Every structure is written in structure tokens, then in C-alpha cells.
Amino acid sequence: MDEPTALDLPQVEPLPEATRAYFDKCHEKLGLVPNVLRAYAFDIAKLDAFAGMYNELMLGPSGLTKLEREMIAVVVSAENRCFYCLTAHGAAARALSGDPSLGEMLAMNYRAAPLPARQRAMLDFAVRMTRASAEIGEADRAALRAEAFSDRDIWDIAAVAAFFNMSNRMASAVDMRPNPEYHAQAR
Amino acid sequence: MDEPTALDLPQVEPLPEATRAYFDKCHEKLGLVPNVLRAYAFDIAKLDAFAGMYNELMLGPSGLTKLEREMIAVVVSAENRCFYCLTAHGAAARALSGDPSLGEMLAMNYRAAPLPARQRAMLDFAVRMTRASAEIGEADRAALRAEAFSDRDIWDIAAVAAFFNMSNRMASAVDMRPNPEYHAQAR
Amino acid sequence: MDEPTALDLPQVEPLPEATRAYFDKCHEKLGLVPNVLRAYAFDIAKLDAFAGMYNELMLGPSGLTKLEREMIAVVVSAENRCFYCLTAHGAAARALSGDPSLGEMLAMNYRAAPLPARQRAMLDFAVRMTRASAEIGEADRAALRAEAFSDRDIWDIAAVAAFFNMSNRMASAVDMRPNPEYHAQAR
Amino acid sequence: MDEPTALDLPQVEPLPEATRAYFDKCHEKLGLVPNVLRAYAFDIAKLDAFAGMYNELMLGPSGLTKLEREMIAVVVSAENRCFYCLTAHGAAARALSGDPSLGEMLAMNYRAAPLPARQRAMLDFAVRMTRASAEIGEADRAALRAEAFSDRDIWDIAAVAAFFNMSNRMASAVDMRPNPEYHAQAR
Amino acid sequence: MDEPTALDLPQVEPLPEATRAYFDKCHEKLGLVPNVLRAYAFDIAKLDAFAGMYNELMLGPSGLTKLEREMIAVVVSAENRCFYCLTAHGAAARALSGDPSLGEMLAMNYRAAPLPARQRAMLDFAVRMTRASAEIGEADRAALRAEAFSDRDIWDIAAVAAFFNMSNRMASAVDMRPNPEYHAQAR
Amino acid sequence: MDEPTALDLPQVEPLPEATRAYFDKCHEKLGLVPNVLRAYAFDIAKLDAFAGMYNELMLGPSGLTKLEREMIAVVVSAENRCFYCLTAHGAAARALSGDPSLGEMLAMNYRAAPLPARQRAMLDFAVRMTRASAEIGEADRAALRAEAFSDRDIWDIAAVAAFFNMSNRMASAVDMRPNPEYHAQAR
């Protein structure tokens, strides 16, 4: 199997029982073990910390739908031009929306997509955080509140956008390579 | 006590036993409970995921010293001009180095600091990840290997730099305010 | 049929004979009349000038293969984040290369693609022209010559990169919408 | 005679009859054959395609005056810092306006020129297309409509601005050198 | 004593009487001779010209308080990331305000500081001058007048912001090193 | 006579004797009193400080010729797109060089000018100071030393580049308008 990154950091062998079970569950649900998990598997403490944060954020309870969280993931990854995340989360956005061309639009230029004003505001905030977080102020949060996002929703928008600013950079720094299966998914 | 962010997200009351113990330990070791933890405490699952990742990254085993990890934290936060993180991690860098002016230099412009070439390469990589992660390539990783960083070290440099690109954006997005005690620490 | 742009500029009716024949030929070869042609068809002189330049450049004789010209088109359009051109020329790059994931890589971040050094140099030059043309100098041309590009090839690389810097901006300025059929082509 | 670019691409010899006639007409009207035409003359198909598009755009029927089209040319070329186009079209703007200092202002910083609001809006749109075309939206087109530009005018503004984003990059990529006569014209 | 810059430009020896008196006065009032003055002292005409402009600007009569002028100095220096000026003028801002954390905020990200609208407008203007002076227009000056700044005040804001755009660049270009005493002042 | 800036700051009346003599001398030598001096003349202390620094820098003894200092002035002003300084110092560069097209090249894009390597290095340093002074390091100074600039020359290059980063911003901030006579000078 191909290496998941450009670094020589082999997976722990054998994987602990819990990790093996987690990877099996991924395989069952997604048809693959995402390379990002294989990449972290050289150190189980790091893998668990990353997966714990990811799962809480993207799959846990939130006022944002899972699709909306994936939309933020794709738009932030497009801004940072992260090949890994655009591939993996583009596939997720296509699958969750049932609209392959929406996934493409978000990856290419979300401003071209015919989105409701509420989602546009959400994505504009995520892009502003990505480009110029030091300039964010009360007016930016007010623009989200004007679209009926609660303070809890604002936290979640910010947390997803922030997380992918981490993940994009991690993936690019180590040349993380997406599983080839993503390309054909949900087209 | 002042609110830790601009969002109205009150802390869970009462805190679970484990959280209370964690906050007590912070108080004992640092003289304060960092506002970032108070900010996340509106949702214990989020707090635990964040704290888990942070502690593994900044305090867990690594080829990088704790000071080196704090140096990356400060330099990335300076690039993103994050008031919260510059205040909190500037204090940590001053304390761990025992050299207050080094902390200042890193926060102002790390290129002005008389650093060994190895640390300069580490910080240059972190800044490049922050500014233009999509352009990182093998030559950038080679520059770290040339300074005797192992692949595992490269992962850790990347992981710390990536983490603060998340944390900086989260802090700025919600207007997170540092504990006032940091300003006077280790001057 | 949907409007090809956000401007109210209806197509000449009836189309001149030669234009009708050209559109029929497009339909036969591509299965569609590209919306960019429909957009220009409010003024046949403009349509002919645009199509004349496009066809000479992308289909005429050149030391660059048609795929290489499409690669430049996609990479420049990615830099400018042009939804129309990424969609239409992404499809062409997938079709001509027979490698759908290559098309995606070029659209997302060409630096992640495992390209021969010669093609990487070609695309680096195109990106430099897109970002900072005023800074191009003899050293940039020398880098192409070092990869065995002739002066005529350099002209063609420059001409394709320059053309899409025009086309991307035109498409974004009038909100040009790609034919929906492109999305599924050559996946 | 000096070479028109840094590439070794000699002019077709002898020039076809039609090309010779065109160059003669240039000489008669302008006192020179613009070096951009001499540069393209290594391949008559390319020359004809370029000249066809240029002439339609800059000299054909339009709601914009020829001076307004030259103003866009100069302002876009200033943004891209294209020495060739600033020299050639700066001279044209001085000649058409009869106001040498206007030409200078446009080349240096059009915001310093005392322009009517309508022309300022036109130039602001052209600059926005040059800098950040992916961010253009309905509001930008609305700003032009508010100054009584028709949709056809908007197309023409966009087309001229887009064309010079091509031409500037082509000229810089091959180090195109303006005819020395331009410098003294219409001072 | 350490060299004040990376250039080998020794101080005139002996210093002229007037210069010696000026340096003595600095020592008396500040506890040190600022290294910027020692750096210029290789040429007394340059030192006098610089000091004359500095003193008139920062200490002369103005509608702006001395603290406000130091606030502009710090915020511009933060934008330009000038280690020398952030150190020296950060100390001055801490001393004049009697609020050490205000000095830190200005050096890190002035947008995080709880400033009156009038001072925020003043600093926004200074930052805009620093980043994009060519785009300043009447609207920017109107924003200052709306906060009750007079035209004379606007001149002074502009003059201080402009001066530190000079001083920051001079200091960085020659690697000017701040006196170590600044670090501990007014903490 | 037209106002020299957008601010309502009338000249001191009557001018002090020394100022009148200085203005008379300008008139005699240049055929005009530069508007920048008229602009500062609302406060003679400010005028004297500015003129003192300017004259020492641009006319005082230096290893750089007066033309070289004007070249730096023009190139920095082009980077900052300062209409006032490009007009005034463009005229000076044309006059001192006796080569009108050189002045144009410097104002448009100095990289297009056929300059000796030594002058190119000098201007590259000035542009780097203008764009990214915080990143300047020993390698940048070494590039100047490699072209036989002394440390004293480096100081002077830096000082002129820094000064025009001040002057450009001051001129743009107050909308300073150049004397109309400059346009026709030395063409």
C-alpha cells in the first residue's frame, strides 16, 4: 500500500485493539481507512487526540448540519489549496448534498454557487477567518447573528473553519496523499 | 469574573468532577485557569477534545523541547497577530527560556533574534506553513533534515505550527481574552 | 435554456449561417455548445474574434501538446479561481489525459501532482505570469530553456497562460456559467 | 532594427501581402509599426488572431469612447506594471484626451485623477477584475449600472480590462519592448 | 558597548559639544542614549536632521497627546514588525499610559484593545496608510473628521504614521538593535 | 493658486524671512516652489525639519550620485504608487540622467530598464525594504556589498528608500498635488 505522507513514519505494528476496531468501522462505513488516520497511526496517542477532536467537531451534536460542516471544510481547504482535504471533503460534500456540482463549486469558488444567504454568510465568515483572522471583530459576528445563527452556532462555524486551517497545513506540510477512491465517489 | 470571549456561552454548572480537578491542577501549577479552557467549558466534550490534543502536543514526548514548541507557538501567533495566544504563549516562552527579551523578540519579529541555525530553520518552516502551506514541497522538508531534524521531529514541528493556526483563528473569531495575570509573568 | 451570464445580452437571432455551422460542429464533437460561445453570440464580430484566437491558440500547431495547453489552462484558472474555466477545462484535461485524478490535482493544487520536471517548470512559469508578471525576467525564461523548451514553446506557454488570465477575468466579471454537462465528463 | 522581444523568433520573410498592407497603414496613421505586431509576425495566424481581437475591441463600435477604452488599458497596465503597455497606451491616452497630465495620472495612480464618478466606477471595476476577479459579484455590476452603464457597456468594460490582463502578461513574459517613439508623443 | 547596527559605521570621535550635551540629556531623562541616536552619530548632519524631525513630531505642539503619538508609533511598527521600534516605543506607550497591558495590546493587535472610537479611527487611518497609502481618499479623511479630528490633527496623524514607516524600514534595513533596558521598563 | 493638499492648512502669512529666501531660491533653481514645501508651510518648524532632512539626504555628500538617489526615490514611489512623488522625482530623474525614457521606465517598472547590475541591486534592496522590511537580513546587505557598496553606501540607500516610504505615505494621506510644471520638464 502506498505511503500516506512523504515522511518515513511507519504505522505502529500491531495496532492496538481499539484502533483496529476503529479502522474496521471506517472501512465498513466509508469503504476505506482515510489516509489521514493511517498517517497519524505511527503514534496512537496522537491518532486518538486527532480523531477525538475531529469526530466531536464534524459528527457531534451541533446547530450546523453535517453538510454545512463539510461545506466549511471544503471552502477553507479551497482557500488553502489543500489537495488532501479538497479530495476527501469534496467527496463528502458531494455525498451528503446529493449534488455533485455543488461540491465542485465549493472547491472551485463558492461565490459562484447559488447558496441561501445564511450559508453564504457562514462561508464568508470561514474565509475571513482563514485570510485575516486578526481583523475579525464584532461586526463579523453580528453578520452571522443577522442570519439567525446563535452564539453556539458561531462557535461551531469558527471551530470547523479553525480546524481545517490546522488540517490543511498539516496535510500540506507532510505531503499527505488522499485515498484514490475518493475521486470517483458520489459523482 | 470577566467573560472569556465575546460569545454568550456560559460554563456548564456545576463542572463535572474531572474538569474541576483539571482546573484545580491548572490553578496550582499556573496560578490561573487559562481562559481558553474556561471558554471551552460550555461543552465538556469540546473541552476534553481540545485539552487532549493540546496536552499531547505541547507536553507529550517529542524530539522538540517544550521551549521549542512554545517558540513555534509564539512565532505562528505573531504571524497571525493573535492577541490571546501571544499573551499566553509569550509568557510561557519567557518562563521556559528564562530570557524575557527572547520572548519579546519572537513575538515582534523572530528574524531579529540571534537564534542557532537549527531553530531558525524550524521557525522558518512554521512561518511558511502559516503563510503559504500549499507551496510547501520536498525542498522545505529537506531544509529541516539538513539541520538534523528527524522525520518524527518534522511531524512535530508541523503539528505545533498547524495547531496554532487553528487556535489563533479560534481565539480571534470569538474575541478570546487572555487572563490579565500573563502580562506580568516572567518579565 | 439558462442564460450563459448575468448580463442581459441575448443571442443574435437568427444566427448567421457560418455561426450556426460552427455551433453545430461543437455539438457534434463535444455534445454541447460551450456557454462561452453562447455568451459572445450577442455580437458576431466579438464571437469570431474570440473563437479565432482561442482556436489558433489551443488547437493550432504548437510544440506543446493539446493536453499541455489544457494543463496550463487549468492551473491558471485555479490560481484565478474561475469557476467557468475550471469546469470546462478541467473536463478537457481529464478527457485528454485519460486520468481523471490528474485533472482534479491540477484544479486543486498542481504542486501535489507527480509531474515530470519539464511540465512542472511549464506550470510554474504560468503561475508566475499569473501572480507577478512584472517580476518575470531572463532567469525565468532560462528555467524553461533548461527544460528544453524552445523560444517558440516559451511563446506558446506564455500565450496560453496570458489568454486564460483574460478568459478567467471575463468569465468572473459577467458570472459566466458552465454547461452542466461538463461536471460528469471523463470522470 | 532592435528586436521586439527577448525571444529569438524572427519575422516571417517576406511578409504576406495583407500583412504588409496592414503594417503600412499603421506606419501611415501612427508613424510606426507597434512592436507588439512585429513580435507576433513570426506566425501570421497568431498575428491575425491577435490583431483581429484587438481591433474589434479597441476600435470597433461600443458605448465606451475610444479614450475610455484607453483609460482602462492604462489603468490595468499600471496595476500589472507592464512597461510595454503603459508606454504605448499611455501615449494613446495622452493623444486622445489632449491632456498629457491625465495620461500620467492614470499610469501613476488613477485615484489621484479628478475623474467624473462614472469613469471612476468604470476604472474601479477594471482594477477589481485585475486584482480579485474571483470575488466579483452582482454588487460590482450593480455599481456600474448605477452609473448608467448598460449591460452591453459592462461587457465592453470587462472585455477591455480582461484583454489587457492578457496583453500585459504576454508582454512581460517575453520582455516586449515598446517603440522608442512613444515616449515623446503627445507630451 | 554593543554595536547599534549591523553596519560598521563608528560614531564620530569626539562627539561635538552639542551632541554630547544632547546625549547627556537623554541619559538623564531616559536612563540611556537610544541606540537609534548612536547609530546616526557616524555623521552629525544626519543625526541632527533625524533628531530635529523626530523631536518636532513626537514632542512638539500638537492636538494629539504624546501618548496618542506613541500609540501610532507602536501600531505602525507592529504592522511593519520592526523589532527596534516596537521595543523602544512599546516601552514609551507603557510608560505614558501607565497601563502595561495596553502597550502589549497595541504591539500584538490593536484591534483587540478596548479603545475609544476616536483612537480606533486614528489607528485605522495609520494602518491604512501603512498598508495601502495609494488607496487613501476623501472618505478616509472624512472618517477622521467625523471623530472631531481637525485638519491639523489629520496632518499630525499622517505625519507620525509616515515617519514610522520610514523609521521601521531604516531600522530593519540596518538591523538596528534596541537598548536592552527597554524590555523591563514600565512593566 | 491651487491648494497643495486636501487639508485646509493655510500657509503662515507673512512667511519668515529665511523661508521666503528659501522659496525664492527654489524658484530660481527649479522654476517653481515645490508644493510639498508649500504644504508644510502652515508650520515653519515642520517645514524646516522636513527640508533639513530632505536636503541632507538628497543633496548632501554621499557615495551615491544625485541621480542614483533620485532613482531610488522614483522606484520606491512607483512601488507605493505615489502620484506626487512620481511626478516630481520622475522629472528630476529625467533631468539628471538626460534620458527621459529612463525616468519613464523607473516609474513604470524598473525591472524593464537595462541597468548595470550594481544599480539593479541597489533598487532591488530599496524595493525589498518597501515591501517586506521585516524580512531583510544579512544576505540582503551582502548582496549590496558584493556590488562594491560600502557600509556607508548601504546606509544611504536605506535612508533614501526609507525616506520615500515616509514621503509617499504623507503625500497620499493628504492628497498632495504636484506642481503642474513637472509634467513637461525634461521630456
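Letters A, B, C, D, E and F mark the chains as written, and numbering starts fresh at 1 in each.
The rule is short, and it goes like this: a residue touches a chain if its C-beta (ideal position, glycine included) is under 8 Å from a C-beta of that chain, and two chains touch if they have at least 3 such contacts.
What you are looking at is a predicted structure, and each value in this text was computed from that prediction instead of being measured.
Both chain C and chain E are touched by A, B, D, F. The greatest centre-to-centre gap from chain C, using C-alpha centroids, is found for E. In this assembly, D is the chain whose CA centroid lies farthest from the centroid of chain B. Chain C and chain F have CA centres that are 44 Å apart. If each chain is reduced to the centroid of its CA atoms, chain B and chain E end up 30 Å from each other. Along chain F, residues 81-82, 109, 134, 137, 175 each make contact with two or more other chains. If each chain is drawn as a node and touching chains are joined, the picture fits none of the line, ring, star or complete shapes.
Every pair of chains meeting the touch criterion is listed here: A-B, A-C, A-D, A-E, B-C, B-E, B-F, C-D, C-F, D-E, D-F, E-F. By the touch rule above, chain D contacts chain E in their complex via residues 109, 111. Chain B makes touch with chain C in their complex at residues 134-135, 137.
The part of chain E that touches chain F in the complex is made up of residues 6-9, 42, 45-46, 48-50, 52-53, 56-57, 60, 80-82, 125, 129-130, 133-134, 136-138, 141, 151-152, 154-155, 158-159, 161-163, 165-170, 172-175. Remark: chain F residues 78, 81-83, 86-87, 100-101, 104-105, 107-109, 112, 175, 177, 180, 183-184, 187 touch chain D in the complex.
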